[in-house]
Amino acid sequence: MVKIVTDVVCPFCGTLCDDLEVALSDDGKEILEVYNACAIGATKFLHSQASDRITRPRKKQEDGSWKEVTYDEAADYTAKMLVDAKKPLMYGWSSTSCSAQGVGAEIGEEVGACMDNTATVCHGSTLIAVQDVGVPSATLGEIANRADRVVFWGCNPAHAHPRHMSRYSIFPRGFFTGKGSKSRKMFVVDPRNTDTAKMADVHLQLEQGHDYELLSAVRVAIRGEKLPDFVAGIPKEQIYEVADSLKSGRFSVIFFGMGVTHSLGKNHNIDMAIMVTRDLNDYTKAAIVPMRGHYNVTGSGQVWGWQFGFPFCLDLTRGFARYNPGDSSSNDLLIRDELDAVFVLGSDPGAHFPVGSVRKIAKLPSVCIDPHITPTSAVSKMHVPVAFVGVEVGGCAYRMDNVPIETKKVVEPPEGMLTDEEFLQLVLTRVRELKGAA
Amino acid sequence: MTDYLIKNGFVFDPVQGINGDKVDVAIKDGKIVDAGDVTNPTVIDATGMTVMAAGVDIHAHVAGPKVNMGRNFRPEDKLFNCTAGSGIKRMEGGFSVPTVLRTAYLYARMGFGFSMEAAMPPLYARHTHEEIRDTPIIDQGALPVFGNNWFVLEYLKEDEIENTAAYIAWLLNQTKGFGIKCVNPGGTESWGWGLNCEKVDDVVPYFDVTPRQIVSGLIKANEYLGLPHCTHIHGNSLGEPGNYGITLDTLKIAEGIKPQNDFGREVVLHNTHLQFHCYGGESYASKSFESKSKEVVNYINSVDNISYDLGVVTLDETTTMTADGPFEHHLSHMNNLKWANTDVELETGSGIVPFIYNPKTFIAGAQWAIGLECGLFIKDPMRAYVTTDAPNAGPLCRYPRVYKWLMSAKARDDVLDNTLKYGDRIRERCYIGELDREISLYELAMMTRAGPAKTLGLSHMFGSLKPGLEGDVAVYPYNPETDTDDPEKIEYAFGNAAYLIKGGKLIVKEGEIVDMGNKRTFWVNAKVNENPMVERDIAEKFRRYYTVTQNNYTVKGPHFVPNPYVIEVDSTK
Amino acid sequence: MAKVILTPTQTPTLFLEAENITPDVLAGKNAAEIAALHGFVGKTTVTLGDYFTVEGAGGQTAADTTVVINGDVSRVKYIGMKMSAGELIVNGNADMYVGGWMTGGKITVNGDIDAFAGLGMTGGELIVNGNAGNYLGAAYRGDWRGMQGGEIRVSGSAGSDVGTFMRGGTIVVGGNIDVHVGTHMEGGTIIVKGDAKTRVGGQMVKGTIYVYGDIDVMMPGFQYRNDVDLEVDGDNGHFALYEGDMGERHSKKKGVVIYGQLYMKY
Amino acid sequence: MAAIQINLISGRTIQQGVSMESGKEKPAYRDACGILELDDAEFKRLGCFKNTNVRVSSEFGTVVVKAIGATQGPHPGLGWIPMGPWANALVDPNTYSTGMPTFKGTPVTVDAAEEEIVLDAIALITEECL
């Protein structure tokens, strides 16, 4: 009998779909099919079953080859590295559960680490902007039920958050939006004619890197002030039209992504987008929501928030928490040679940091905790594979709108494999032993 | 478990009528016992000190999504005030919105044992519980918000009390909540369209129900269920000049409703942070704005089924946060500072804005005065509780300062004469000048432990040193015979408990935190008759309008509530 | 005036955090006491003596104390942080947070400095005979109170985010400046004698910016008003006055809306 | 054949996501992310056919990828490499003291490199870093 597990939560992106159904083999050991998921989510579940999966920690030898070690040996190596370092970086924390993040926070505090999560290369700019000007926002259901003006600015949900439009933003027939997509006007602002842009009622194909000016122009237009003829390549008539349309909606929402967080201006682009939203609230109702990437990068910021007071870029080296992106941020720390050890969990900086930063990681003592083989594991001195969170172990995760959802365990991990939380507990115990001995 | 005997202290326990007598307090197996019932106890010498049951906070925002947004979006609130861990303490930080560790340590240093998180958005209940779990030492509960919930609005439009009660029981169970919170009834749902409900008879758009119907229905449903706590209300038009009339309208909704519960609770409506609801005049200008605390408290004095807490403004830079979304939007236009807002599908909303209560302005001084007046006009201090609506009117760490102001006319005069720029004007526009009352330690014990414990329905556990209650005792370095010369000694003593015993464990020893205690999460499991209609409505709403499945809504398992204390109520009889 | 001379003896392998190097802390201390003061490298606690030779002694008060650093401290953070009086001279390059949160006194750096100098500064003088980094005279993260008073002078160029959330005081940059100048500015004066790139005065509420050179892209919320002849920082010139940011909130004074002012030199 | 200057940006695609979750060490990941998407006009300027390997260079590095026709275009003046190590071999690490490298908007030079091969992710990062 095929067994169906329902209400499964997808551990891929910040959309955190919780309506997946997974078909298991008779013995409950094998994942046969994944229903309701997007292609990426389904792959994540199915790939967990790959036959060539690494199931034991491995240490890099002098000659570059890998040697299998026990989890205890790996924990000992990790603990010693963190305790001995003067300024270790503990990076990642996005593809894991809040309880693992909590244990990680205790380790970071014990060893005096710099701690950073993937927001640092994703929505860190957003976090800075929110600190500067706040954020009028709403849960995704609020948007599904009310929004009639939907803007995607510098984001491409058709590819990056594949079920976002169908679950939350464009197609749902909500309480006050009974006609689904017909109830909504869709705007896309993107320098490319993306698959999302192709669906839009209005596509503003701006000149790349001029989001700040264009958003500023929208604010000027909202206030009915004069504009130059073109801003960011967009004619002023179109800017006025968009501003009027957003003002005249009953509920306008702006979703934004790495098109703005990664481009020149960074936090300022988002700052301005937030101010557009704030301005719109003087005329109608408006909200803005960042399209967070990893399924639990948001949770990592939450856990650190309540434990330390800051969502990323923590410097705990002096026993108390300090925060200042630009100083305590992973890429600045790496590029400026401020670190002497690197620990990575639940992320792949090897693939997603500028190569200059990756070269620095490669030169330092390093541990990579990841179920996969990745560019990070390739440059690390120790690779510790662990169970897939959300597939082989459950745990709390926070959606892009900060809604917490508990991910599920669907199948057992391969025999003898630890979860990341279990491994972190080993490291924490060992760190305390080492510190007690010191 | 160690037995304790606290000897020679001046004991204040209004429940037992002990008013500063030197009585020994004994704890055995985590509970208070008669002094003769302990054998070989650890003796704590409280000579020259004040002994009370541990404090009980009926209303503070210390855990949950908006609190954490307050932390994360205000790094400047932590600049230069994060401190390293020491002993068994972890690192801590934050002034107006402390980290969970600092919250726990602050409460311990102030001699508190229980705190009620004042607003939990149901969809975010997991978040609130994760923070509560990570806040050591103190016991906590959380109040889910109901005043703008679509189920409640739909049922109460038709005055369906039984259905409302069935839904409330279901939600308390799903979210592991403690009782009913109602914030700006109808107003936050209206805020979903950028609107508000300013008066009790304003109509909520589409739902066609009024704040009056919502408040009345929630009170009735609360008593139908027989919950330990009463309906906990933050009414319409908080912070608006002239709002006292709306406050009186709200309070009068409770007229004639009798409490129905097995917990000794005597009130049916708790009006939180009353200070924000006692304003006269038409603007914040000193020629118009005036205090109406006397009018409001006089009404409360004239009835017996209403309690309140003060919400005293402490004249600090702080962070305001409330489920009253439209109010925070309004506030952001007053000070132009950063504004966070989250509207929560089908349920509620919230807003957060930093705020500086600047003593150089008339209005901040007037608000400060009104909060204290609310504490000084009360006839029965068992119904008026000290809070700062932390962190809205002031940070949690300021409780001892508020005690000082309540207990010392001299300390109040010092603020009016030296701290405030418009002290004289405030004496004219408020009642503070005519009040020479000084709250006694006995009354303070009512306003900070006995009273809140009773209104929370927890007087069988907290708030007194009666044998059988929880072994929660605070010892403050304050000598009521000799320390009356200087009000600063009050502030120091109540912020630096010499000892705190919580659940029979010694948490604070000679002013140092030495144990993380055995933290519990309180929630109420209310049993109701089967109600297929409500069950169907719930399933329908999840299928069509929520973005999580009904199965994924339930807060469960040891991860979120590892050490629950469940209070059972049964309305099926 | 008493003088303390610190001469670097080694370059920190990581970075040294040395907020104790201010006239305020060094006042009243002799060379041995100064050498024993703490600094931090990562999680380790070190002494200033580990990294500097110390000559001389502090005066009785900060105002009586001059501190001279002779050498490169480009891997030392927090020099002159929270300084309130006296003088601090760095003969070399310095790292981040030079004069952060300073309230008075004078800092002179004969070299380049990195980011976050003069952060949240309320008074005093910060003179940089070299280049400055990003976030010069800006606000700490989340704070709406950037530089509020005092003066910063940079002879060379400056980085991005100069004067973000500035509320008062003056910043003069002799050379060119990177993006985002005076963002969210609500008071004070920024003078850029070289070229600016883009995003000058974005979200500006109030205050004054002068740019002598070019601006690559003007913010759309700035409107040309008129030409004026002005004397600015001792230089006479003919300027075009722009007001903005029209997209931003503005207060009124006697019924007249007060905008941020941007003067472009012809 | 000529070298062309173009403004480079990156981002996610479904194929990038799927292949990433299938294993970054696999050829599918290289095929999904080791590409440069260009408008037809750029191919004309470049003087080579679609599906040709090209060398992309910036101030910060050089990488060989396969140039393909824009799938989400046109996007005049822009070249596009999916998020991953190939794009990151080129991007500007300057964070402007915000912590965020300037991932989007890197000026690059593209020229045909038909004889060169596109390395897989592990080989690429090994060559760059070890």
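We call the chains A, B, C and D, going by the order they appear; numbering starts again at 1 in every chain.
What we mean here is this: a contact is a pair of C-beta atoms (placed from the backbone, for glycine too) under 8 Å apart; a residue touches a chain by one contact, two chains touch by 3 or more.
From a predicted model like this one, the values you see are computed outputs, not experimental measurements.
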item: Higher-contact pair (C-beta pairs counted), A-B versus C-D; value: A-B
item: Chain at the geometric heart of the assembly (C-alpha centres); value: A
item: Centre-to-centre distance between chain C and chain A (centres being mean Cα positions), rounded to whole Å; value: 34
item: Averaged-CA centre spacing for the pair chain D and chain C, given as whole angstrom; value: 39
item: Length of the line joining the C-alpha centres of chain B and chain C, rounded to whole Å; value: 44
item: Chain D: positions in contact with at least two other chains; value: 96-97
item: Interface hub residues of chain A, defined as touching at least two other chains; value: 128, 131-132, 264, 318-319, 323-327
item: In chain B, residues with contacts to at least two other chains; value: 73-75, 77, 337-338
item: Pairs of chains found to touch, sorted by chain label; value: A-B, A-C, A-D, B-C, C-D
item: Contact set on chain D toward chain A in their complex; value: 7, 9-14, 16-18, 20-25, 60-61, 70, 72-75, 77-78, 80, 83-85, 88-89, 91-93, 95-105, 121-122, 124-126, 128-130
item: Contact footprint of chain C on chain A as seen in their complex; value: 85-87, 111-112, 128, 131-132, 210, 212-213, 216-220, 222-223, 225-228, 231, 264-265, 268, 271-272, 275, 279, 317-319, 323-327, 336-340
item: Chain C - residues contacting chain A, complex; value: 13-15, 17, 40-44, 77, 96, 115-116, 134-135, 140-142, 144, 165, 179-180, 183-184, 198-199, 202-203, 217-221, 223, 245-248
item: Touching residues (chain side chain D, partner chain C) in the complex; value: 96-97
item: For the chain C and chain B complex, residues of the former touching the latter; value: 139-144, 249
